[in-house]
Amino acid sequence: MEPILEVRDLHVRFATPRGEVHAVRGVGFGVGREKVGIVGESGSGKSMTGRAILRITPRGCRTSAARIALGAENLLAASERRMREIRGRRVSMILQDPRFSLNPVMRVGDQVAESYLVHHRASKREARERALDMFSQVRIREPRRVYDLYPHEVSGGMGQRIMIAMMLIPEPAILIADEPTSALDVTVRTQVLAILDDLVTRRGLGLLFISHDLNLVSTFCDRVLVMYAGRIVEECLAADLENARHPYTRGLLESMPRLDAPRERLPVLKRDPAWLE
Amino acid sequence: MQRAWFAWLRLLRNPLAATGLAIVVALVAVAIFAPWIAPQDPFAQDLAQRLRPPSTAHWFGTDQVGRDLFSRVVHGSRITLFIVALVAVIVAPLGLAIGTIAGYAGGMVDTALMRLTDIFLAFPGLILALAFVAALGPGLVNAVIAIALTQWPGFARLARAETLVIRSSDYIAASRIQGASAARIVLRHVVPMCMPSVIVRTSLSMAGVILTAAGLGFLGLGAQPPSPEWGAMLSSGRRFLIDYWWMPTFPGLAIMSVSLAFNLLGDGLRDALDPRSE
Amino acid sequence: MSFLAVRDLRVAFGGPDDRNMAVDGVSFSIAEGEAYGLVGESGCGKSTILRAISGLNAAWHGDIVLEGTALDARRTLAQYRRTQMVFQDPYASLHPRHTVDAILSEPLAIHGLDDAHGRVDRALDQVGLGREFRFRYPHQLSGGQRQRIAIARAMILEPRLVLLDEPTSALGVSIQSEVLNVLTDLRRANGLTYLLVSHDLGVVAHMCERVGVMRQGRLVLETDAAAIRAGAVTDPYTRRFIDASAGYDRAMALRWDALEEEGAG
């Protein structure tokens, strides 16, 4: 598959009072019109990878890579100004808790309409129509009622739908979703994922789905990258994750409590320093 | 301990805070060694040497009765330090106790204590201090009591706000279901968490305390002449400002640099003690 | 006779105008030595039940009977000792300025127990931490180590009933298995009774023999973990919860949407 986003040999380092931390150590992958999952525990560098692509790492981080390309465009050479355009238009990002990403004193509908106005020449009326249209696309049942709500008045699942609507307005080629459903209840999670699923299938969007939940990634994504200590230790089709070969992936899979296989004690993951080599 | 050491290093790395700390340390040193530093008796009058400008014999000049101003400013540091230390010792524990009790107990206790602090906070500090001194009579100790009475409400407010946050945390809940008494929770869990902000607040308030003390001295309500209190010296030098500029200038500079130092130190401590900076 | 019996428990939040029943008439009972799991989505009232049983929240109605004694809103020291709790977030449940030693010694001081030194050492052993952890501060420990300290603090009073409030949801998968094993071992060694609250069906089914499913302040289903594992439940909400917990399934999402359209139309 022709990759829309290509990353090769990505490194992220940041300085702490106790010395430099090498958070991402030579990560490479491509994302086509598919759902690619990056899975790993906290501190594995999975979020840093997503942020480094968009150049939104926290201050003090140094990013280097052999290649970060979006289609034919080399993002490593892009100016800061060009990156701002890319961040809005070509690559969108969805974060864990929508309530932190929305402006608390502005009606949610107006926020979505405004993001349309930023990217298109249009009247306010048109923008409003477009926002309402987006709301129905992310299956908000009463778009007109929701349009006038403030962020604190919407539930987590609704908030995440609104965020997705906002991110989709500029019709990006790639969506980076960092733990988009971790703050949601499982039954709501399924519905939010279905929306993302449809977008990839119908619009031909590429989705980079960052999560700590192996089970979720293996059932939702097409391909899975398993990160450990800043490296990709395993790469496979999501359906094959059950048969993963790397001891780290195997250890993670086995340490999960499973409904179908009750055990008295859970196997504990033993970390091998050799994995870092 | 390691935490305190890191805070200390952070404090020293901040040049303004280090300057503030240096001045405060200098104040303490000067106050301790005043009799050895001062070249003359601060009360010794020498009418032949009156109103002399700064010179090698009298670094800060002399006043209208020929007392050496440098010696007086040096001895004045003892009075300033006395005021600052006494106010801090009274105000910080008092405010902390009232604030944490109000915050932890809540309900009627909280309402009663907070309305009391509101009453004190409703008056400007200097005016309130003036009223107390007027009632208690002028004098250094009364000035200290008056200043302390105006300062504690700020500490109580601060401690209460912190306590409200701490009270709802899980480690307090864990103590409660172990059966810990309210007194134990306040003393062992809440107070240590309030300490950093109380320390910062103490340092920042001391600037105001010095100014209020100087203000009371200036108005003749604090330390009484011939005591070399800086505010009183400033007041008696005021009449000579045009022709004998050094008389009010040096006590004024002393007041300014010490209160500035406490402000700088307080700001630096706030940054150094902030757990988020780790 | 059951070890813990909760009858018609009701907890309301909010004032008289916007009264919200967080727990609305919940009854269940737990036998001695049993592990009972309360599972449900956020805001279903499961944690509120724990806070009422632990004595943290005094504003509840109904009956809570522990070993034949009805508990009041106010507890005696002995009652506190019998029921201990492990909290969700190990970063918030340990006092940041107390050492491990101070954290573990404090309950001993409150209850006037002797041999503090030996008890602290044994408590650390029980949760698989060495004695070298005694004089560390919480910020020097990892999330999993902190949660072990929190477990040791609950266990040091030798309680009979341990309330577990999402004890692993703040931890990663590999750390979760270690902490769950510690809890399993402690229960077996000391014959403890557990009341576990979680949103994770996998964790509840792994730890508990019986499970109560909660929704909007009510217990909608009580069953054993085996029935959950076998998928032998008919309650539609529970069914949905089990399916969603298994992972993403496009057909399932479409089916729900169709159901909701019907419901709305």
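Should a chain be cited, it is by its letter among A, B and C, assigned in written order, with residues numbered from 1 in that chain.
In this text, a contact is a pair of C-beta atoms (placed from the backbone, for glycine too) under 8 Å apart; a residue touches a chain by one contact, two chains touch by 3 or more.
None of the values given here were measured: they were computed from a predicted structure.
Setting chain C aside while the other chains stay in place, the touching chains form these groups: A | B. Relative to chain A, the most remote chain by averaged C-alpha coordinates is B.
Counting C-beta pairs in contact, the chain pair with the largest number is A-C. Rounded to a whole number, the gap between the C-alpha centres of chain B and chain C is 49 angstrom. Chain A and chain C have CA centres that are 31 Å apart. Distance from the chain A centre to the chain B centre is 53 Å, each centre being the mean of its Cα atoms.
Of all residues in chain B, those touching 2 or more other chains are 278, listed in ascending order.
Counting partner chains per residue, chain A shows two or more touched chains at no residue at all.
Interface residues of chain B facing chain C in the complex, by the touch rule stated above, are 3, 169-171, 173-181, 184, 188-189, 192-193, 275, 278.
On chain A, the positions that touch chain C within their shared complex are 41-42, 139, 141, 156, 185-191, 193-194, 197, 212, 214-216, 218-220, 251-252, 255-260, 262-269.
Interface residues of chain C facing chain B in the complex, by the touch rule stated above, are 54-56, 75, 77, 80-81, 83-85, 87-89, 92-97, 106-107, 110-111, 137, 139, 150, 153, 157. Chain C makes touch with chain A in their complex at residues 41-42, 172-174, 176-178, 180-181, 184-185, 199-203, 205-207, 225, 228-229, 240-242, 244-250, 252-254, 256-257, 260, 264.
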